[in-house]
Structures are given as C-alpha cells and as structure tokens.
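The next block holds one structure in the form of structure tokens; read it before the comments.
Each chain gets a letter, A, B, C and D, in the order it is written, and its residues are counted from 1.
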C-alpha cells in the first residue's frame, strides 16, 4: 500500500510539476519576451525577409541581479531590433554561481546558435566550455569581461571596459578634490582614503580595485607623499611603491566584505568612515557603492566639500547612486556602458555570422557627476 | 532569588546574554576608539532590525520544536515583489509594503500546511520552501534587482520608520522603539495568550496538547504564519535599511536569526525560549558582525566567531543539563 | 447501587485485519467503580477510545444520561462529562501545574490569559482533593506520582460525571496509590461513576465494586467484586487457571559461586552505597517502591549512567565498568523495562536485533555474515519459542512478549551470564508472562544468573531465590525467599519513609 | 499492483527504486520531447553527468549522516573550503598537485570529524553544528585565501591531469568512479558493522548503546564518512568548474539533501538507500539540465525542485503513517 501511494504520488507530482513548468514557464517566457524582446518580435515581422537577418544568438550574462545587466539586455534588444536577429539572454541567479553559468554555456552550445555572447562570471572556469564552442564552430564574443588566454579560435572579439583604466579614472577625479588635504598630511597627522571592494575574486574586479590604488599612489607620490595600503591582504600585497603604515602620510584602506551583499558592504564602509582621519571613500561596484551610501545613512559624513566631511565616489549606476550624486553625497561615479556593450556584442556577433572580420572594441569608463549626468553620451548609460 | 528580583522578570539565560553583550561592548570600545561613538551604536541597530524581526518570528516555530529555514530567502523574495510592484507597477508604497508582508503570511501558511497538516518534518519542509522562495521572487519580478524609493524621495517616507534624521544631521534610530514595542507585544503573546501558551504546549508534548482538546493543527500552523508575517516585516525593514534588493541573496540570513535565538536561550528541541532572549541573542550576533571589523579583524573572522559562539551557547546548555 | 449513567451496547469496531471489538456491552452506574479487565489486546483501551470519540465505532449504541450520544473527539466527551486519565502521562513538562490543568480552557481577561486566577482555581482544586502541590511549580519538576495526581485533579476539574482511569497505578508508589484511592472514594461519594482499568488484582479487590472482563475483543461477563475471587477473574480473562503459588525455598545451593559482587555503589541520590552479591544460577529479586532506585542501581551497574564510586567484581575479579560496552564485555546483559526505547531497534529485523550486541561474532572479514546471523537468530527463535513468521520480520510487528524474547536472545547470543531483567513482564499479558517466567527458570537452570527488578509483589515472591529491598536509593534489607513475605518486604520497602 | 510487488525480481530491486527509475526515464522522455529531441544527444548526457558527480558525492555523504537521524548542511560550504584551501596552497604556495588533492579530502575529513565529535560526544544538536561549521568553513576559506577566488589548473596545463577523474576524451571515467564509490557506500551501509550500527543507532540510539555498542564512535564515523565524501566532491567540483569562490556553496546543500531524501532516505533516521540516493541525484541533475535546455532561468529549477522534494517526503511520511 505504502509503495502504491508513493508511486502514484511521485508520478503525479512529476507530471504535474512538469506541466506546471511547461505552463508556468511559458507564462514567464512571455513575460520576459514582453520585457526584453518584444521589439525584436515586431521587427522580425516587419523585416523578416531582410537578407542579413534571421540569425539567432545566445547571450549569457553574469546574472540578472543588478540593474547593470538590465541595461545590457536593453542594449542587446536594441541591436536585435536594428539587425533583425534574435537573441536569448540567460544568466545565473547570482554573479557567484560560476557552476550554473558553465552549465548554461554548455546548454547554449547544445542549441547550436549562430554565436554566443558571454559575460563570464569567472574567466578561468569557462575555458573548457570555450574549447567546446570552438570545436562546435560557434563563435564567442566576450563582453563586459575579457578573457585572457582564451583557447585559440574560440573568442572572436571582446567588447569590454578596461577595468584598470576605469579604476584609475575614479582616482583621477577624486584626487583634485582632496589634494589640499593630502598635501597637508604628515606622518603624525595621516589622512585615510577608503576603498570598499567587491570580493577579490574575478580578475576584472581585481584590476579595477588595483587600478584605483595604483593611480592614487602615483598621484600622491606626485605631491611627495608616501602611501601605505592596509586592509585586505590581496591588495596590500599587490600594491607597489608603498611604505610601512607608520611612515606613510597617506593610508589607503581596502575593505572587502565576506560576501558582496549590501549589508556586509555597508559594515565595511562604516568601519572606514567612522575613523576620524578618513577623507575619502570609493565603492568599486554598484553593490559596494550602495554600501557606502547605506553607511552614510547612519554616519552622515559624506559631503562634496572636503572641509565638511568625507568625499565619496562610486562605480556603475543605479537609482541610489544617481540620487546620491544629485543630493551631494557623492562627488561622482564611474560608469561603464552596459547598454553599449550589449549593443556592440550583438553587432559583432552579427558581423561574424555574416563572415565579416571583427576586432576588439575597448569601452571606456566615463566619469560622471552632477554636471554631466544629463549629457547625451552619459545619460543612456545611467540605468536605474 | 536575589538575582531574580534584581533583574525583574529576566531569566538566568537572559541575564547571562546581557552580560555577554556588555562584555563585548566594553571589549570593542577598549580596542577600537571609533567603535565607541554614537554612529556605531546606530549602525549596530541598523544592522539588527531585519535580523531581530526574523528572530522574533522564527522563535515560535523553534519553540514548537520545529524550525523555519525559509525566512532568509523569503524576506528577500517578499521585498523584491513589494519593490517590483512599487517601482515597476506604480502602486503606492503602502500597498507595496502590504504586499511584502502579505507574501510573508502566504508562505507562512504554506509552511504551516506542510508541517502541521501534512505532517512533514519541519526542517525538510522549510528547506524546500527556502528553495521555492529563492526562485519565487526573481521568477515573478523578471530576475532583476529592485531599489525601493530612497529616503529623500517623496515616497521614501517609510524608511523613516527606522531612521529619522533631524535638521542638524543627527540620526535618530527610532526603529529601535518600533522593535522594542514588537518585542514587548510578542513577549506578551508568547507568555500571556493562548497562541503562545499552545505554542509552548506543542513544543512540550504535541500529543498531550491534542488530547487536551486544543486545535493543535491550527496553533501549530499559526506558529509558522507568525514566522512568515515577521519575515514579511523583516523584508520591509531590509528594504528600508538597504538601498537595493538583489535577487539570489538572502540565503544565510535565517542562520543569523536562528543562531541569535539559540544564543538567547531558545531551545532547538522545543518547549523553551523567550522573546527577550531571542532579541538579546540577535544583538550579540549583530555586535559581532559590526564590531569585529572595527577591531581590525577581516570580515571573514566574523563568520568563524559566529560559528564558535553558537557552539559555545549550546554547549553551555548541554553541560548544564549533564549536571 | 446507583442508577445507570452510561450504557454501551453492541459496540463493534474493526481495523484492517483485526476485529478489535466484537459486539461489546458495558454498563456504568453512578457512584460506583467498575473494573475493566482483560489481557493486553482484549480491547479495553479500544472500547474507551470509542467511548471518548478518539475512534469511530462501526455499529452499536452509546447511551449517556438517557440519551444516545456519539462524541466526535475528546473535547466533546469532556464537555459532556466523560474524561480519561491516561496511562501515559499527558503532561506538558515546560508549563506549570496550573497551566497544565487548564490547558485548552484557560481563564481569560480579554486576550490575556489570567494566570493568577488559574493558580487560585488550581489551589482550590488541590485543597478539595487534599493533595499538596504548588500550582506554580513547573510540571517536569514533580515526581511521577504527583504528576499523576495532577492528571486526576484535571479530570475532576471538568465536573466529570464519568472518569476513566487507564492503568493509573502503573507509575505510583504504594503511598501514592493509597492517596489516589482516597480521592476515588471521595469521588464515589459525590456520585461520580468511574471505570478503572488495571492489571493489578490487589487493587481491583480493594477499590472496585464490579468487574467487567473482556477477552479478545468480546464481552465475557461482569462480576460483583466482593463475591468473587482473584482466580474467578483470571479464569474469565484467560479461560484457564494459571495462578501459581510463591516459591517457598531457594533453589540455589548455599555454596554456589558468587558471580557478581557489588560493593558500595554510589550514583547520585537514587543509588547510595548499595552492596550485594549474586550467585550462579540464582534469581536475585530487587523489590521496592517505584522510585526506590532499583532501575538506577541497575543502570549504574551496567554503565548506562555515570557512577560516583563503588567496586564491582565479576567471578571474583575486580572490573571497571564505565560504559555499557565494558559491562557487556564482562558478561552482563540488561533488559530494560522500556523495551521500545532501550531494548530493541523496532525498524530492524529479528535477526539484526539478535546479533546487535555481538557483531564481532557475525563477521566474515569486514563483511557481516548474514547467513550465520539468520541461522543463530533462528536457533534462538526456536529455543525461546518466539512467535515470529521469520527471522527477517521487523521487530515492530511482534507483540510485547515476543519483543522481550528477542532482547533475551540478543544477550544469549552474546554469551552473557549475568542478566538484569528490569520489570520483565511490564505490559505483557498474563499468558505471555508465564512464558517469560518459564524462560527465566530455564536460564538459571542452565547456569545463568539473573537480577530481576520487579514492582509486582507476586512476581518477586514467585520467582526470586533471594530478595534485595531498596528504599529511597538505599538498600534496606536482604531476605531469603524462605523468610520473605509480602509484609516483611513492604516493611523494608517503606523503612526510610516513616 | 500487488502482483507486481510480489514478483521476486521486483522485491529484490525494491519497488521504490523501480518507481524512481521510472520517474527518471519519464522525465528524460518529457524533456526530450519538450525540447524537440535536442535533449537526447549523447553529449548532453555526458555534460549532465560531468556536472552531477560532485553533487552525487555530496548526496552519498549526507546519506550516512541522515541515516543516523542527523543532518549536515555545512556540506556545500565545507566542499568549497576544501577546494579553496588546497587550491590556494597549490597555486600560491606551489604545493604539488597530488598533495593538494589529498589535502582536499583531508580537510573534508577534518570537518567531518569536528561535526561528528560535537554531535556524538557533546550532544550538540546536528542542526546547530551544521550552522556553526558552515560559518566556520566559509570564514576559514576566506581568511586563508584573503577573500580571493581560486582557479584550479586548466586541463591543458601540466597539472591538469586531475581532470581525467571526470572524463578522458569524452569517456566518462567520473561515472565509473562515482558508481564504484556508490557501490562501496552501499556495501559499507548494508554489509558491514559500520553501516549496521549507523542504521541501528539512527533508529534507536539508546537501545544500541545499551547493547554495549560504542554509539558515539559510530555516530562520529558517519560524519567522518560524510566529510570524506565531501572532500572527494570538492575535487570533482573543481575538475568540472575550475574556480571556487569564498563565501558561497550553500546552494548545494539543498540539492544534495534533496537528492538523498528523494531516494528514500528517511529524515528521522534508520532508513537509507544508497541506490535511491544515486537515482535521486540523477533526477535532480536531470531536472537542472532539462530546465536549462527549455531555456528557463535557475529560479524555476529552485521552485520545481522544492515542490518535488515536498512531494517525495510527503509520500514517505504518509506511507509510514499508514503503516502505524
């Protein structure tokens, strides 16, 4: 009897849940289509017959977590609409779900698309999958994150931000504001610059964090100040041209939360901002920048005026950061162009599919602040 | 007896946890000058709101001898849905908040049905709900993160429930008042109403409670509904404290809350526990979360310490029982 | 004799595969105590469960106070005035006495529970029943006897017209039973009808007015207690005479070697300075009231609970026993009173339970020799006459007596020479009891030695060669069976209390 | 139905397992049809398998713990901790590959011993121990690696031979290893003293103790076996996915426990089936692959897995209730 029960129940549930998956999933697919690929559909109806149309690409992003990727998907849609191609975007639930992403890539290869656009969560773990893609003859275009040492013939082009330059860009724009304070610093009256970095995991994230530190050291050395880097050991070890903490006039403190969540990031930010000698702080991605803003909710120390408080800056966009800039908590932030990267990714894929030759497209990080936020070349990249 | 009178209605365990809290504050203040400032206090509180709310709720299933593992991923999921309605569907903030709490209650009912009516082991049942809620929020909202309206915007007034900034920039953590009121209410519910009485009774001896003519299924279910309700409230608190809700996060939040409750003397085998204790336990966890970085330890040490403290808290009980 | 308050007529109830109640009749009158007797499985509890709405009857009628009734659950029965005092204590250890008494029907002030009033009411109730219990005490801090009193008080507090006692004395000391009887007599005067389910013949004779006997789900008959003898009742229960007289002299020769010597054993309050000897081929009875420390002594001896001091000699050699493992290595075996909790692994087979204490003997290299396991188990099934379809039967499906035999087999398979039987026949029906007695006699005849803990005076007097009596954790005396009488044992068992 | 159950072969294999296999095939067929046949290819199966091994080892491990009536949901983070600490030693301190692999397993054993010791000798509830060691594992991993992710060597490099554990030129070595280990687990659980005691104490610990068995040791052993398998799982994880990040790994707890429970291992202890766990794991990973192939996001997999496990547990619970 027991077993009969089990049999019937299990069987029924499998069937039901699969049916639900089919049905419910269908709804969801409709939803995503409505959101993401509606235009693509209509476009296809209009120009279905156009010669260069009809390709299908699979795009795999790092996750759908942050609105950053929302912007990228819009860019992808725009390109699809223009070119009359279709693209299906998918991504793991979390930027850390490396394993899930690899399964998605393999799954995408199985579907034999005309090309794959990839923003890899982790550059090393995708190697085998890239080899598979190369063997299957499916071109891959990397966007957002470049992959060094990719297997021969797999990655055709890379559309990515130079993260080192983007990090340096933040340092360059921050330095003039706090220059006076740095100049006034002595060994006995040190000043502290904080950096809250997302976990020191991905190569691009490390590059970004280091880019800031290297540039800042360079600028400080330029005004004859010695710098020490403290905090997370990875960045401490990676930094060159530094001195011991006791000898330095300027300290760069790097905080890395145990996980990239807003609550942990804000704790790290609080720790740094609570110190009296802190003059500036930078959040290296959307989450950590929001962590800085959250911390300020309690401390109320951020200001655009160095004499009144701590100078804050961020990275990427999103509503909280845009508002922080508008109401004078952040002096500015660095944005990448997720929208353009998504757009260029599809453009490149399309060119490859048509047999045209392609090359890497480096994307810039743009500094934006209250003044240029509404500018035409900036505004589209400032997603909510 | 003297001790009892001195601390009013507090039990031995609660006094002990209070002592630990005091010791921790003294230690942290001693080691880090920046710790002993007003803003730090506020930030400890800021970090504690959503965990406390979860702990208040999850104490009920714990006392029935069960557990609710779905609250962590649940709260993110509810906040996501609430935020989605506000930001993308344009509903008023109040409705969004209600939706957030309502989702919590709904999942609470679901858990309750699984555990009380279908008689599934609570651990496994809520583990499944944990998976379901993890998928539910992103599935309903298209998988993107959502930022609830900020404190400065017009519709961001709800954030002021927890934190109020005066004209001269001083931050008043009025959320603590809100929390204390809830602690008192739930303490009353647990100790002086039927709901609480039967919750303890179920944790003590479910069969006997049933034979006493109590509608055990209903009250057992209610424990999970309370847990769900507070997970919903915690969702609002989380949304009010932090800028953006990211889907896929939330796993592990429940451990802070359950861990706090257990440090505060709630028994993992049911029947024993107090709301005040759970609240104090959460403060210990949050102090560690916020305090350890201040004394110069890397963020990750906090996790190791949390683990050790948890074991220590339970070992105290085990050793006491052996005597 | 009062008027009839409750009549059950032609009650029929079947479970899948079992005809539990076959047209049973029962009649209860106001102001009387009706004994309901029968072997385990005779259907007493099922009948009471049908009455109080836990089970739904298949056919038949229940007439209560002149009206036909059918209760849907215990709550409805309670409200109508029919209350059960359960065999297993239904207490909520974490709540206070008063909270337990009024669980499910708390006094309220608005939404707030009025604990103050509950305490007062509980106090009044206890005063009325003449028991001394603090309503504010946490339930788990009370002795088992006091907890049982609370159960009775709770039943009384329902303004019950019919109270059913389901083996209420199982866990009580003599003095507590006396106290309970006082309450029952009080209740009788108040015209309350009571049904008293018990296996203890002595109590039945003392407290009840009539005896209704059931057998195999059928109604056998009703006797007036005063007019019948124990033998009459037992005959009705089993259909044959099995009552045996006490042993009159020890079967063990005076010079039999001492196999176990315990000196100055100490373990907490319940075991204080206990010393005794056990000879080869002897059954050493441990008598005393509930809570005298007999089980605790056995558990401490066996290493199941920590001990504070004492020397143990097995066959003349001093041994250290700190864990059950040590004890087993010394040739001891322990058969617990609570088989399901401490004796057997119910979800495993007879063979697996038999081999459990001596896996070493059933290994072929690193693998379990399942064939040998089954063969050995089968041997013991035959030797002990265990009723089981096969050795691969799950133990959960066996009856209490047969489960006990599986535990015995486990120790025999381990070659244990010293067996501690803790309440060997508790919860076992009369027929199976006899088999266990026979088995014990056979074991000692084969040269094993047995320590038997028992609360049943007749069992002690019938089986033991020598009797150790304990009271409040201390050994108060040792009697040879030739000189032991119920009175002399009881004197020793209550020595400390006076 | 009754007749089928009486069949000697069916009895030998176990009816539950036949049902599970049937379910597995049904799902496979269904996904195959829903994806228009794309799901049927060999490479798809090989893919699915490569990613399933680590989950399989986790599930096998946790089966032992659940058999004792306990639970261990630190397995995911501990697996990451193994891979991170040994991987960091490999890449940063130049520890040889072989030693790193051994280290992975050893760290797993260490955590298993820690968990088992606390549960068995100190009577700390398994639930709490899991919570604690989950935090500790994450913390240690992050502190040791300075919060960096660790990438194990690529297959093309000299040290890449460890990936042969998964497959050599498409030949699924991993499957053979996994099934071998599963067979060993099944033998240990059903044919040896270890397994007998683990199962018995899951059913009634006190009775086993009073039979003179050192229950603490055997209980701890179950956790150690689990830890060992978690260590092996960590190798299979990096061999399939290369990179591990500190601070994560929780999500695999649920999947591993789900696979184990779905296979018929009872949460109250005493009943465990290795073959059931193996099939359970395949069902879980088939589901994962199928949902991906249908183009749905991970969220749906979470939801469906949750629902299916609820159904499986409910079937188990209601069957047992019927019996009593």
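As a convention for this text, contacts are C-beta pairs under 8 Å (C-beta built on N, C-alpha and C of every residue); 3 or more make two chains touch, one makes a residue touch a chain.
Small disclaimer: the values here were computed from a predicted structure and weren't measured.
Participant: What chains do chain A and chain C have as common neighbours?
Facilitator: Looking at chain C and chain A together, the chains touching each of them are B, D.
Participant: Which chains sit in contact with both members of the pair chain B and chain D?
Facilitator: Of all the chains present, those in contact with both chain B and chain D are A, C.
Participant: Would you say C-D or B-C is joined by more C-beta pairs in contact?
Facilitator: So, comparing the two chain pairs, more contacts are at C-D.
Participant: What is the distance in Å between the mean C-alpha positions of chain C and chain D?
Facilitator: The answer is 45 Å.
Participant: When the C-alpha atoms of chain A and chain B are each averaged to a single point, how far apart are the two points in Å?
Facilitator: Roughly 31 Å, centre to centre.
Participant: By residue number and range, which residues of chain B touch two or more other chains?
Facilitator: Residues 134, 138-139, 143, 247, 298-300, 302-303.
Participant: Two or more other chains in contact with one residue: find those residues in chain D.
Facilitator: In chain D, the residues touching two or more other chains are 138-139, 142, 147, 246-247, 251, 297-300, 302, 307, 314, 318.
Participant: Write out all the pairs of touching chains, ordered by chain label.
Facilitator: In this structure, the chains touch in these pairs: A-B, A-D, B-C, B-D, C-D.
Participant: Residues of chain C touching chain D in their complex?
Facilitator: Contacts found on chain C: 302, 304, 323-325, 327-329, 334, 336, 340-348, 352, 356-357, 359, 363, 366-368, 370, 410, 414.
Participant: Please output the residues of chain B touching chain C within their complex, sorted ascending.
Facilitator: 188, 192-194, 197-198, 200-201, 203-205, 207-209, 211-214, 271-272
Participant: Which stretch or stretches of chain D touch chain A in the complex?
Facilitator: 1, 5, 15-16, 19-20, 22-23, 26-27, 30, 34, 38, 41, 43-44, 47, 51, 138-139, 142, 146-149, 151-152, 154-156, 237, 240-248, 251, 288-289, 291-300, 302, 304, 307-308, 311-312, 314-316, 318-320, 322-323
Participant: Considering only the defined contacts, which chain C positions touch chain B in the complex?
Facilitator: Chain C reaches chain B through residues 73-75, 78, 86, 89-95, 99, 103-106, 108, 111-113, 115.
Participant: Once bound in the complex, which stretches of chain A touch chain B?
Facilitator: On the chain A side, the touching residues are 28, 31-32, 35, 63-67, 69-70, 91-94, 97, 232-233, 255-258, 261-264, 266-268, 270-271, 274-276, 286-287, 290, 293-295, 297-300, 318-320, 323, 327, 384.
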